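Note that chain A is present in both complexes that follow, paired respectively with chain B and with chain C.
Let's turn to the complex of A and B:
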């Protein structure tokens, strides 16, 4: 049954798997669009085109079952055009699911999913009138070959109504002619003298390598006149002219083109040798991420090299302050660093993809979730053009899905409740993405009932997460923190949708791993906003370097809200926590060093406090000395090098020193949980100057 | 050089008259030789766009062969001006592949055809026949004797 025969097809199949994802996405999108505007015939046509492309591509790859199913659906859609739009929506959505399952099965070479259910749906739809069948044939063949847009087809229809004949003219470039663009212009001018040119393929810009030109014209001239007008010695060797609607040659092209190369929508009909719309695809290069990562890594090395140069330069300046060579060096270095910055930015840009790639899944998720919760929800998507690192995008897909599902199942009330509360019975979930400073912000906003801290505490007490006494003392902010506790849910009952074992604790963990944070903004009765903040890229960070007990560490600069200077005598102790009175606020402190042994080490009076922003909380990190800001190229540390989650990665400075980058979230979690002044429970691993980090078991 | 059957004007059977516009003397010479092999007559020559316009008005040729890049006025502009004054002017652009966009522009402004540099006589011959259309006739017998 498995149609894998030869290896050369493997690459093509990969391409098919990739492109078909896009087709399925548009299938989903169209189905939802149809649900909103059931009268829109163009959407149905679009769905049918998708099916048609899937059918052709799948057949070219030897995926017979998928191709057949797509074919059945394509037929059903043509016949069922008059049918109930709701049924079509259902059919399309189920089709998208089953296709997706089939693709997985093909890929993993497992058993194909059962298609009886969808076939039944098809046959139900197909019981419509048979008379439309012959008509459909014409439509599909019109859709094949060169694709004319809806607008173009409309103009053709209008011209036809005026009594003109519509022809599809194919003009073939003469071998003698090396200037296809000029040739295209000549045919176009020739045609324009006897006809109205409605559309032309390829357009002028992409005709550089074209071997044939397609025109859609409306004319009162005869077919033979059109034909002879197109033939231009040394430019156009011959031309073909078909009354629009029956393009025999074009469907022959499909067989040729389709079998060789499964090009996605609207392109399948173009023979491979034409530059036409395919040339658009030629400008896109598919590159594996590891190759880009490799380049990025090298850029990172260059940045290290740059800072090596800079340090040597400083040394040089110190020794030979008057040397005229100095100015030339510094010019060269300024130039180098500018180019390096550009290089870094360009490479990063390669990895960036618009967040839309992620967002566009959500209409379907919202649709399904709302349906299963019997709620009415609409989704608003904004900021989909925001660029974000691909790896980041992949990482937040799961958390985002979870939050959106949560928002629908817990946040948004059912229609009746909403009406009673004087709200629109249809709830709204809004996704937004934007850049702020060096961060990507993703907001998930709902207009549901919000989170009630009182209920939250009550629930936590009931589930023995906290004691009643704790609950009394808890601030509202701390109460919101409860929702991140493992296994905690405020829903009355665990639903299938949001009770999948992935809690907000997991969401937060994922974000922590990506050096991001999550914030909640909620107003009871009005809704909740989850705000995910993530660094734009994970490869290079602006870092603040400091020393604790003569060891060098760094933290991302954007986590630092402010740096305060203090004396040891300014610190006070409240319970087990050290605090600092900073202006009119009491700041809890975290000390990550070993317990200070006053006998061995002279007490240092001057210290620095880094005020850190961690989501809702503010904390002060006590450090001995500041070392400066630097752009650090992050080198991942594997588990064999450092067996702790307290440092997330390391970097190499220009002078060869190794600096460890603290995993702030983990550090703070560890050091606040067990009291501030910890001695034995945890201490940071150290990077010995100039050497590899010490391994700490 | 290969000989072609002469192309004559169908109205009077006279030689077809050409205006050759190119800033390179060598290119003009070369074109002139090719045209003479078609039995054509060089009615005028010009080395820039400005001269081309005045020369066109003076000699009123049947066909003008026009280079694209020239001093003073480029071929496109000259072609456009000539066509404005003489809607029936038959202008054939002569240029290398690199100037394809300019050819397109010239075609949009009224040039009738184009040939690629270096000009191949057999290509130009076909182009001339096509551009003349019914106004040109191939003298079948005369060619053999020449």
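Let's turn to the complex of A and C:
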């Protein structure tokens, strides 16, 4: 935003960048709709409207190339509306792509993408149907796309019936004229003196700086009179006048029209639709996220203050159990905490956006991917209304795209294979989002061939990811874990879309960063479901607090599957990893802290094992004592002096203590990295000086 | 508080003790002085990084200046204080044995630090002040913290190298 701060148009451009995204989205949507129902003229009109709005907005912001291209496309669509729908779909989709590329280029101020390809498409589309179009329609559109509305045409018809001749006058503005709006006024009054002006383009309200004006007039005067009346020295260089409904000198006109600045057309005719986005904007406030975050931070402080007060209150109650003030205090505090809860929820809601903002991109992605894989896929979207934190939504966009592409290129079979398997030749990808407890669940479900663990293992052995012996021992879940390995792909051939093996590992990393998990549910022959589980918000978490070597830590509660009590003597060593047998399952354990060399120190008898859910895997974290559960307001711990990847952030408890929130992903990563040699504690968190932190007064 | 006197420029110094020595930092560099609250230790931190504290809702990292300055004997007493300083827009705490006095040292009584100090890691001593027969080492806090961060980074890099070696050895 900062690069053109002083530029008065900067704000407008910013707004354009935002609104244009919506326009491109609707362009995509419409194109796909058109593909489904090629005869729907309304969709074509909608596409044209989008182009039109884009054109006008771009011109207003000074993005000439974009505006011109949109103008061309709008024209092409007007003529080709009855043409081959498939070509139109293709044109619209490529247009959306090229526009978005152009927008990026404008934004980053880099060179614009090449638009020759799309221009060729336009001219191809335009040359086909033009010959067969009716004369009248061709004329109107050739006159630089000026379209008269139904009402205007009617009044023209009425005037004609009165015996007057109808002319379409095009007055070209002199290049030296400094006052285009005044010029229009002058031409209009000139014409009014000899004729009745039925319509004018641009119309009176428009402030657009056009280079030419179109008028529809009804007059009893001759053509030459009209023409000479229009020319005003130094204002209007020349004017053309031709009877309405008769084709003009097409080639000359196109040459001019093409080189001229685009003129907004059809302004009044489609006013309600084009006005849509702007009128909605009136009761929508665009606020920078940092402002909302600021408010959220303050709410966070309030929550800390609340727990401080609650703690003091408890103390007070203990000391003066009979004091009458006590009841009044606790009433006030109950009230305060209720308001605070509402406040927190409302602020969080500001950051929430419906998941639809993300999901609506997917029909296009599915369409493209399916096409390039020569598969037939339809997409079902559900749960669009589910609210999600904006930052979360942005973060999962990429992983989700990846999984969907994967589902189409790997999961769903060719139409032939599907028919042989007795399935509908058109595969289905289903996106769903819903809330469950404190989590957002996003499901990506396909009805493809599913993932075969045996095949997976075989491939992994072949690619030297694991040894044959390992594969033998691997459980099904562990086998599924293989797909997250970097560089691993089950695709037989590498395609542009997927199969490079860069993917699911990245997906998982993103999710871990967001403190979420990913699960796979697959049935061979029936399909695969990927389930992303994410915390609803990143700012406030429900946390479980515990102590390891007298140090207080917290982890997100939703990562904990269960808590088990154990004795040190229950733990066993397998290879070099400590394990615990928990209801017939062997649970590998992780220890954080120094007492990993447990032989050296006296063993504490009673310990707790937090069973952590990490996607498909389960791990036990050995902790000394549990401290309870609390709502924590996350504070960044980005101080260089203390930064470590083991701790993701910190929080302040009601009594003023600081609690560190453990970064489970990093802890586990260290565990698996040094997992073969647990006693080598060099890379593991060590206590400062070995001693428990001193408690000072 | 006027900084100009008839004798010329005065240094306004907050004096504090680390071990047997008295150090000083310019009063303007100091945000506040607080008692030592409960400190939450941070894993993976270098030895002189004590952890983080809650300073009225802000999380502030704390360095034990005694460890940082190589003091051998560290005792926790009620007189211990944390000097909170602002460094590059961020607050940091320094634990000292005690801090109680504000000293006004005339500029004439401040000498540049001996050259030998510049070469060691202790180059955060910018001058020596003489005050009523005592010698007060003037610290440049931002340099001290910069060095600490650098130490911390090199420790991390070493740790990583160690890990890599360990992995390679397998």
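Some notes on this structure:
By our rule, the second predicted complex is superposed on the first by the 491 of 697 C-alpha atoms of A that agree within 3 Å, B and C clash if a C-alpha of one lies under 4 Å from a C-alpha of the other, contacts with A are read in each partner's own complex, and residues count from 1 in each chain.
FYI, contacts are C-beta pairs under 8 Å (C-beta built on N, C-alpha and C of every residue); 3 or more make two chains touch, one makes a residue touch a chain.
Every value quoted in this text rests on a predicted model; they were computed, and no experiment measured them.
Using the contact criterion defined above for the overlaid structures, shared-chain residue A:592 touches chain C, although it does not reach chain B. Judged by the touch definition given at the top, the superposed model places A:159 against neither chain B nor chain C. Residue contacts after overlaying the shared chain place A:32 against neither chain B nor chain C. When both complexes are overlaid on chain A, the residue A:657 reaches chain C alone and has no touch with chain B.
When both complexes are overlaid on chain A, the residue A:647 reaches chain C alone and has no touch with chain B.
Counting contacts as defined above, no chain A residue meets chain B in one complex and chain C in the other. Residue ranges of chain A in contact with chain C, taken from their complex: 301, 304, 551-552, 592-593, 635, 637, 639-642, 644-647, 650, 652, 656-660, 673-674, 676-677, 680, 682-683, 685-689, 693-697. For chain C in complex with chain A, the residues that touch the partner chain are 35-45, 47, 49-54, 57, 59, 61, 63, 76, 78, 80, 90, 92, 145, 148-149, 152-153, 159, 162-163, 166-167, 170.
On the side of chain A, the complex with chain B involves touching residues 176-179, 181-182, 185-186, 189, 204, 232-235. Against chain A, in their complex, chain B makes its touches with residues 97, 100-101, 103-104, 107-108, 113-116, 120, 123, 126-127, 129-130.
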